[in-house]
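Notes for the one structure printed next.
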């Protein structure tokens, strides 16, 4: 169980880390400031210059599509996990390396389950970073923590499917470059509970699609990407848009979610490291009562606890990645649930303490901490709330001792 | 030690509670939506209609300046605490009853320490709700947790004082109706550490005052009130603007902060109650895995813990208020420190759990929870961070056992 | 809602506090040492001298049966709560004032529900401190958290009842002075779930009663009182031993448990105060790295948190006592559940931190902390585990919003 | 960074795990019961039969001195860590495999720093399991958290050293088989603070050694091993008993403590696993309110959290072991501090929850949980309290950002 940095990973990791801290992170603030210049929901010229410039550099350096097991470096999940951690340290980093969610997950779906037509129409431009995509799962009217509740209807009508209903929290769908959606739909109301749903591919400009609003995260609409609330009214796509076949939605979802969750979690570890670094520097630089903050009250404890939490959570993520690399997704599932709970939890706690160490600056625009906190808070809900994942971990544990359904 | 609802308070409390839930809370959302209509930093016509309409109703009902021990009902601190709790349940409630911070504290300062001229120029229109005020304490370049660090210079020059330096987090100073600032300044660099500072009254339109920017709280600039970052360049005020005399800044600050902290804390209790109510309703209304959320996992525990935390924190606030009512501010001080730590802490925790119970809706604009959370988070920093208050509580405890300085 | 120390309580409270700290606490250690001298399960001469000497002094001072609403001072529950807190600070204190569990609860049962014969045979010597009693509820083979599981059979046979089954954790039943048991039994297996049980009075020397062993608490058998595991084999008592009538066991239990739980909780608050005092003194007296421990690391925070937890938990207990004094036991029930969770929880945490502040001495016989911790740990289980009480609190909360059964 | 189970370890680990669960654990209860038969401080015939029988079996199976890097299997620290985890699951397991503390640490000291005479007189019989040893570090009158406080005096007198002072918590020194002590002494009162102490070898039967008492852990004296409080009065040993030379005590202590702490921590992980297994089985077997406990309240969460805590803490221990295996003890030190805090912490929490799931049985002699809890509680103090280790971790973190002394 080698959880270390492999020889072939080491130089790439160094390059990525350097680019993140030296070239990407310094541009984050300007990028955000530009959101307010011109139409908030379109990348303006300077924003495009920033992001396309970074992407070009990354491509030129061979640091492109690093996530993919089939293109480029073909890193293992463990190896990629270390890269994802570094990408957590700047807002623009994942997109720079064409490694941002939900595109990576969507690209994987197209790669594994897409038709040739889908591959040429959607996968190729996604791999090239020319378009963006969204993944439409959650719905406003049902408890998505139990995904069998999902209700957006998809009815066969001749050679077409017709979609009606609402989705929300469609991350990235506000971006005008977002050209395609993968949508979880209900195609049956009877039969086994996990075979009533399907995944279907819908171009974002299909008639009948209406973006109702951007969901706000602690007041931030996250323009220009956005988490969109979308209504489907008689949206019609050809039958060939169905992925894998009716009723196979959960099968695809399971395959899609594992790696994505590891990426999310390792980026969260990166954010935790960033918060700890900011907290440590502040503790040394700021004085009160005649001493650096580091020497006051429980600050040694906060710093020590942060370090201990990070080390443990990172190792757990790496072990989950290693489990994934062993090829048995079912065996890896409880490990994914574990990190899904633990990585955001500790990253939130450490970020909160880093904010507190900064005084009022910590919750303001003067540090990246408040934005980071809000983003991390979404991870306790996205892809299933903590409670659902704890439930999965507990049931896996109890199954060691009983044959009965728990 | 009567901590209950007095006979004379009961009917007023009922009226306030009814007005908050039936008339004020329903207008909060529209008021916030109107922020985006027209200049964000000016109240537009509809906003004025909303807030002035509510104020008129409150005045007509005799529910005005409820905080004041000298006007109106002359409630005790314990009595007012119950009212403040209700006002925590709607954003516009404190202003409706002319009970909002920092105006209440500023009015108290004028009442206790102001010259006749200050009373007629500032106190009267404040008591009438015609102008607003700000309190300028914190500075960007020093650790305000140790207020003896405060550095904004105030130098006597003939019959004037001249102010130079920066303040930030001047809450309410973005509001065009904000006409006057009370400013903590440094008037000496030698002598006893707690006698180098003073408080001075500065009209907000004095030349040399520059609003640099609005500080953001988790990305929200809180327009039109705002937490402003302000630069003073050779700002000149007459010597008569000095409150009480040079070197007496801390004396005034101490008198000012006690009641204000209790108000903040009781509003926080109100927010916690609101979060618990939302959490409970959601737990009953939403189903997953075939059951209402209430019956799943640890949700009983979250609800029970919330109830237990609220009851304890409320009683602690009431006891602190009762201590204040006994007239010995020095004896009450450690109690104020206690609630300053505990009330925001439990309100934050309960609000966070309420968000989680709501799924993604909980962190969005569809509930008041995320905004409430962000506001409560500021209370762990405003008027001294947790660590400073814990330090005060611990030192008060240890003094029981030693004569030595701890 | 007066939660303060009444004028008539004040002098009694002072006397009790003085006697606990000056006369009782100093004898605790010798009393425990004497357990090892002679038969561990009998009070030896010196033990009797200690405890009877203290009881005489208390009686002479009029500090006797302070718990009772009908004898002596007739204190309210709020008033008695303050006394119970002081009694928590020495092991021998409750017995000294004839206020120890489970005797107080048993005396209340006899007072309220006992026949004249029971009163003269059991209540009078109990009130005089001449005998001791036990309360037999919990059973080894059922989850007593759901008391409707209780199974010890009690069958009418002519003019007698015949009991068969096992009880454990019969506190005080190891004491040779323990003359009588009140036993929760099952008298029916059909009918409404809360009417199948009864309470019956059984002299401890009735044939067929067998003390199987003393249950140990963290290895301590707590001789000579003990928590006994007892077997009943054809134990025969006259029909007149039945309290109130068949099927009314839960009715009696409810009336019995409320005050007893408040007493337990206020004694726990007393223990928490004692731990905080020990922790504070140690923090000042012990040095490391050239400073008193108080000034190192997070020790200010531990002390402050302890103070804040104690104040809040005490106020909650006082409010629960006040609710009880209002006379509606049903309305008071969720408050009793709240303190049943919170008081032991905070007392355990503070005691644990006090142990840690003492280094290895803290877990040894050199401080009373380890013994106190073990005792407090039992309170998270006795009279219902935390989970059951949290469940009750949550259901009381949710009932505000629904008519349906939760 | 391979943290997995190596091919050569796998079969040995299986054998050890089998022997622990099938042969050793079932004898624990009888062994403890025998403590009360005859002299508590001597192994009686049955106790000797039990322990020597197990040792013979282990020797015959080649499962002997598994800890040693120079005898037997020469396992790496990572490999041995897995074995130590299994040994945590039965009280008698460490001694069975001649892997118990403090003997392993003492044997390492003799191996690395002992003279030929010491090796033949002490190391050989220790390696053969014929004698036992103790390590005398902590003292009653100084804060041992700062080991430079250690005060037991050791003065050169001709060819001898003469020792005077007190030690306590000398684990294992109550055992009559304990033949030799390694003692940390003060040999200088001037000079660099970490060069004033030395380690010296003292036969346990040297005149002037007096065992004052056994320290109790939550009331348990842990006979016949015991944690002894020992007085040295003019205890005289030859100069050749000094290890390595005067002033080198800390040098030896550092080398000694690292592996020992990892062993302690991995045994703690084993205890946590045992507690989780007991908790899970109980959750399935016991019913209340008509359901298995597993399905009630927050029990899924407790079980899930336990699993997540264990996985993370184990990985952290394995990483610390791996750091140790890289050969740079200084670099490994903060990792050892991390696990010293985390492993006991999570094991205590999980054991506490397992107790709670068992109801009153959980704190009694009917499960091994209460004894295990008490033992784990000592680990938060032994070899330095949590606060000291957190301090070390924080300082290591802050050193990344400053050259100054923190």
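Letters A, B, C and D mark the chains in the order given here, with residues in each chain numbered from 1 onward.
Operating definition for what follows: contacts are C-beta pairs under 8 Å (C-beta built on N, C-alpha and C of every residue); 3 or more make two chains touch, one makes a residue touch a chain.
If you want to know which protein each chain is, UniProt gives these names: A, B, C, D = Acyl-CoA dehydrogenase.
Remember, it's a predicted structure, so these values are computed and weren't measured experimentally.
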Subject >> Shortest path length from chain A to chain C (each step joins two touching chains) >> reply: 1
**OP:** Please indicate which chain is farthest from chain D, where distance is taken between mean Cα coordinates of the chains.
**Re:** B
Original post:
Which chain pair is joined by more contacting C-beta pairs, A-B or B-D?
Top reply: A-B
Original post:
Copies chain B and chain C touch; is their interface built from the same residue numbers (over half shared) or different ones?
Top reply: same
Original post:
Using the average of all C-alpha atoms in each chain as its centre, how far is it in Å between chain B and chain C?
Top reply: 43
Subject >> Whole-Å gap between the CA centroids of chain B and chain D >> reply: 53
Subject >> Inter-chain centre distance, chain A versus chain B - centres from mean C-alpha coordinates, in Å >> reply: 37
Original post:
Residues of chain B touching 2+ other chains?
Top reply: 297-301, 387, 390-391
Original post:
In their shared complex, at which residues does chain A touch chain B?
Top reply: 138, 140, 143-146, 149, 168-169, 215-220, 286-289, 293, 296-299, 355-356, 359-365, 370-371, 373-374, 377-378, 380-382, 385-387, 390-391
Original post:
In the complex formed with chain D, which residues of chain A make contact?
Top reply: 1-5, 276-277, 280-281, 283-284, 294-295, 299-301, 303-305, 307-308, 311-313, 315-316, 319, 338, 341-342, 387, 389-398, 400-402, 406
Subject >> Complex contact set, residues of chain B against chain D >> reply: 297-298, 300-301
